[in-house]
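Look for subunit A in each of the two complexes below; its partner is subunit B in the first and subunit C in the second.
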Partner chain A sequence: MVADIIVFGAIWTAIYSMIALGFSLIFGVAKIMNLSHGAFFMFACYAAYYLSSSGLGLFWVALGAIVITIILAIVSYLGIIKPMRNSLTQVLILTFAFAMFLEQIIVITFGPEPRYVPSMLEGGMSILGVRVTHQQVLAFVITIVLILFLWWLLSRTNMGRIIRAVSQDREMASMLGINAEKIFIFVMGLSAAFAAVAGLLVAPFLTVTPAMGWSPILAAFTIVVLGGLGNVWGTLIGAFIVAYAEMITSYAFNPQLKEAVTFTIMILALMYRPNGLFSKGVSDA
Partner chain B sequence: MIKKYKGSLGIITLLTVTLAIFPFINDSFYLISILTLANLYAVFVVSWDIVSGFTGKLNLGHALFIGIGAYSVGILHDSLGLILSILVGVVLSILVAFIIGKPTMKLHGPFFSLTTMVLPLILFQLAYTYRNLTGGEFGLNVSVPLSRMELYYVTLAYMFISVLIIFFISRSRTGKILLAIKEDETACSAIGNNVERYKLMAFLISAFFAGLGGGLLALYLRHVGPNVFELWQSATILIMGIVGGMGTIIGPFLSAYGLTFLSEWLRGTEEYQDLIYAGLLILSILILPNGLASVGAYVKRKFKERGKGTDDNVSSRELNESLRKSESG
Partner chain C sequence: MLTITNLSAGYGKAVVINQLNLEVKEGEMMSIIGPNGAGKTTLLRCINGLVPANSGDITFEGKSIKKLPTHKIARLGITHCPEGRRPFPEMSVYENLKMGGLQLNNDQFNERLEYVYSLFPILKERKSQYAGTMSGGQQQMVAIGRALMTSPKLLILDEPSIGLAPIVVDEIFEQIKIIKESGVTILLVEQNVDVALKVTDKIAVMDNGQISFIGNPAELVKDASLREIYLGIG
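Moving on, here comes the complex of A and B:
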């Protein structure tokens, strides 16, 4: 059991990091709490399901799912979020409503029963005596690569510097000649891409249902609170905490209690460390 | 004060009286049934509005208190009897509101909203898991010694009392402070108001009425299941509140009735119903962010302007009177 917890905890740390980073990005940069983020994750899973049952090759399924999700996210930003940017409350309601709207469209199109998405890699292996599928290992590896990519993007490139500038002080950045709107669109797309990749990778071993988008939001939010906004390493640590807490609850107690535990962590974090465990300002590393 | 609000009070009283007389004109089982449900939703939405529309803290999970009230009745009605089990539900709701409200009221909006959104979902899971207590996905049946008609009048009376209380709170000094918190919390706090206490108080009041209503809901449905905690339960209330006009009390009150009937009318469309609702919510915010109440207020203003002439005609007497009132009030 301990080995299970260690191995699957590691895998879920990586996956939750992907989802949380996307959520944290758009929250930190554009100050938007995107309640549709989980819906994008869910949407990508269904896009993968649809494309793969149309018989397309693996590469095209992946690419197609990611691109469609990015387009959806950007459209939702331009059509729904941007007009109401002034009122945070209304943006919250809108992203909430959009997430429900998406969920309903999926229910109508595909039905509420769970769907099966084929794995990218068949077979499995044994790590520390635990049986892990190759798909799960792939998920772990790819997410780690992408997280490192994000870290590199934010801290070592010009674009990263621009993003950080916009997130720290939007007006100042605009005055320096940065088109903040374009940055928001870019970050929105990036955030959705991360959610989509996470969705693609885990769809084969998760239950794909229309309502699957809501529990990632709880985890992502808890992670963001723990790790501090806009802090890549903080998010990783937050994901570590949440993933392992969930695994321990799952294996040692009752799998149904996972979310209750995450929620408790969230409340405790909000009460005692609302600015993150490290309580630093917005940084990239 | 009654004279000043005769418009809104009139509407509430008129509707209540009409509903009270209604069964004597038409005692269709179907209509009475819908109206009973609408009475309850009126309380749910109005109790939601006093927090979300007034303090500006958006509650995305009002189903939480409804569910707690309903399950308390479901679980305890055999052992404690109806009234006590409803009371337990109310007490639990207030307790939960206090536990959740205390830490989250201090923080920025989105944190509160997300917490309220997620907690009912967790209780949903727990209701499934602890099936010995809650009956799992089948839920619990509630035996109700009241007739349909009696239940109708109980909910009607409950609605009238609750809406009046919340309405008067909203138009009182407390209500004004809550609105001030929504507008600019820092400024309001700087004047010396204990904003946290007011926010928490509004939340507790909200929980009280929703919890009691939840108990009545269990009586109405004669059953309580995990779906009382569903996201759609909260979303429905949200939609009613927004379409009606957040922060007006009277708007959400009317839209509760309107939308309950609309949803009955839409029942034929079955699978598209929820989609239409979600779409309605999106459109509503984009086009009419302040709800239908703002349309009502606009019409009323236009009507008054036409009758009385332009604003330049404010006499100095009226001006002095209003200045005097604000000084002493």
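Moving on, here comes the complex of A and C:
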């Protein structure tokens, strides 16, 4: 049981990090609290389901699902979020409504019953004596690679520096000729791409349902409350805490309780550490 | 180069800039002085498109910039080094300078960087330090250096001396003088009148959202009432 907790805790730390980083990044840069982030994750799973059932190869399924999700995110940003961006409350309500809307569209199109997405890799292996599928290992490896990519982007490239500059002082950045609006669109797309990749990787070992986005958004929300919104390292630590708390609950007590535990962590964090364990602002350190 | 005509602006119903006229000629250094709350910062923010103009016009090199977004105004060659300095605190000195030089190619960037380092050698020494952890004077150097990285045609400085020790103020104004002599047009807002008078070509007094006096430093000193208010000599 301890080995199960260690292995699956690590896998879910990576996956939750991916989802929460996207959520945290767009907040850190544009101060957008995007409650439809989980719906993007769900949407990517359905896009993968639809594309793979129409017989496309793995590469095209992945690329197609990611691109469609990015387009959806940018359209929703330009159409509904941008006009309301100055009000945090309106953005919260609108993105919540948009998530419900997407869920309904999916129910109407694909029906409420669960769908299954084929694995990218077949078979499995044993780690610390725990049986894991190759798909789970793949999810872990790719998320680690993408988190490193994000770190490299933010700390080592001009685009990353511009993103951090906009996050630290948007007005000052614009006085240097930076078009913050373009950066918001880029980060919105990047954030959605992270949700989409997470969706693609985990869809084969989850059941794909129209409501599947709510559980990850709850986890992401708790993670960023713990880690501080917009803080990359804080997000990783938050993901570690939430993933292991859920795995300990699932294996030592009852899998049904795992979301209750996440809620409890969120409430405790909001009560005792409302600004997270660290500071805010997108930073590379 | 910069012409402001009958400009009015404010916040909601509060009128802060009231039918203001001002011209800054190419190669010239203009300093605006005036009491706290006169609207000096608001005027500068208006030039940058950060505060919308209610009426009147602002033209730069003959073209109206009144309706342009801030980043486009910046790309025309107007760089604002704002009140409070505002370095990107969680970025290194070098990265801050990099944010000023985004429109330059590699060679231009390196050349410009050497120029900024020659004006403020401390920035080279501290290039890896986070700007937020530096002293006020050093942060001001980061802010001016970052603004210079854009190769501005018009450099706008809002109270660069504020909160700094006199010796640091002198040091920074020596560099401002060198920048001016290199041909950059400068619009300075400064409460430290003595130090501004030493470098500026022209001086304007702003009061209640209008320019109440404009002339060269000698003319200001000659005017008995202004001399008393701004220089404290009866």
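Basically, the second predicted complex is superposed on the first by the 281 of 285 C-alpha atoms of A that agree within 3 Å, B and C clash if a C-alpha of one lies under 4 Å from a C-alpha of the other, contacts with A are read in each partner's own complex, and residues count from 1 in each chain.
Convention: contacts are C-beta pairs under 8 Å (C-beta built on N, C-alpha and C of every residue); 3 or more make two chains touch, one makes a residue touch a chain.
Because the structure is a prediction, the values reported are computed rather than measured.
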{"item": "Room on subunit A for both subunit B and subunit C (clash or fit)", "value": "fit"}
{"item": "Partner chain(s) touched by A:Leu176 [first = subunit B, second = subunit C, both, neither]", "value": "second"}
{"item": "Contacts of A:Ile6 with subunit B and subunit C, given as first, second, both or neither", "value": "neither"}
{"item": "First, second, both or neither for A:Asn158, with subunit B first and subunit C second", "value": "second"}
{"item": "First (subunit B), second (subunit C), both or neither touched by A:Ile248", "value": "neither"}
{"item": "Touching partner for A:Ser87 - first (subunit B), second (subunit C), both, neither", "value": "first"}
{"item": "Most subunit A residues touched (candidates subunit B, subunit C)", "value": "B"}
{"item": "Which superposed partner A:Met271 touches (first subunit B, second subunit C, both, neither)", "value": "first"}
{"item": "Subunit B, subunit C and vertex subunit A (Cα centres) - angle in steps of 10°", "value": "90"}
{"item": "Partner chain in contact with A:Gln168 - subunit B first, subunit C second, else both or neither", "value": "second"}
{"item": "Smallest distance from any CA atom of subunit C to any CA atom of subunit B, in Å, after fitting", "value": "15"}
{"item": "Common interface positions of subunit A, toward subunit B and toward subunit C", "value": "none"}
{"item": "Of subunit C, residues touching subunit A in the complex", "value": "48, 50, 69-71, 74-75, 79-80, 82, 86, 88-91, 95, 98-100, 102-103, 146-147, 150"}
{"item": "Subunit A - residues contacting subunit C, complex", "value": "158, 161-162, 164-165, 168-169, 171-180, 281, 283, 285"}
{"item": "Residues on subunit A engaged by subunit B in the complex (per definition of touch)", "value": "33, 35, 80, 83-84, 87-90, 92-94, 96-98, 100-101, 104-105, 107-108, 214-215, 217-218, 221, 225, 254, 256-257, 259-260, 263, 266-267, 270-271, 274"}
{"item": "Subunit B - residues contacting subunit A, complex", "value": "56, 58, 60, 100, 103-104, 107, 109-111, 113-115, 117-119, 121-122, 125-126, 128-129, 231-232, 235, 238, 242, 271-272, 274-275, 278-279, 281-282, 285-286, 289"}
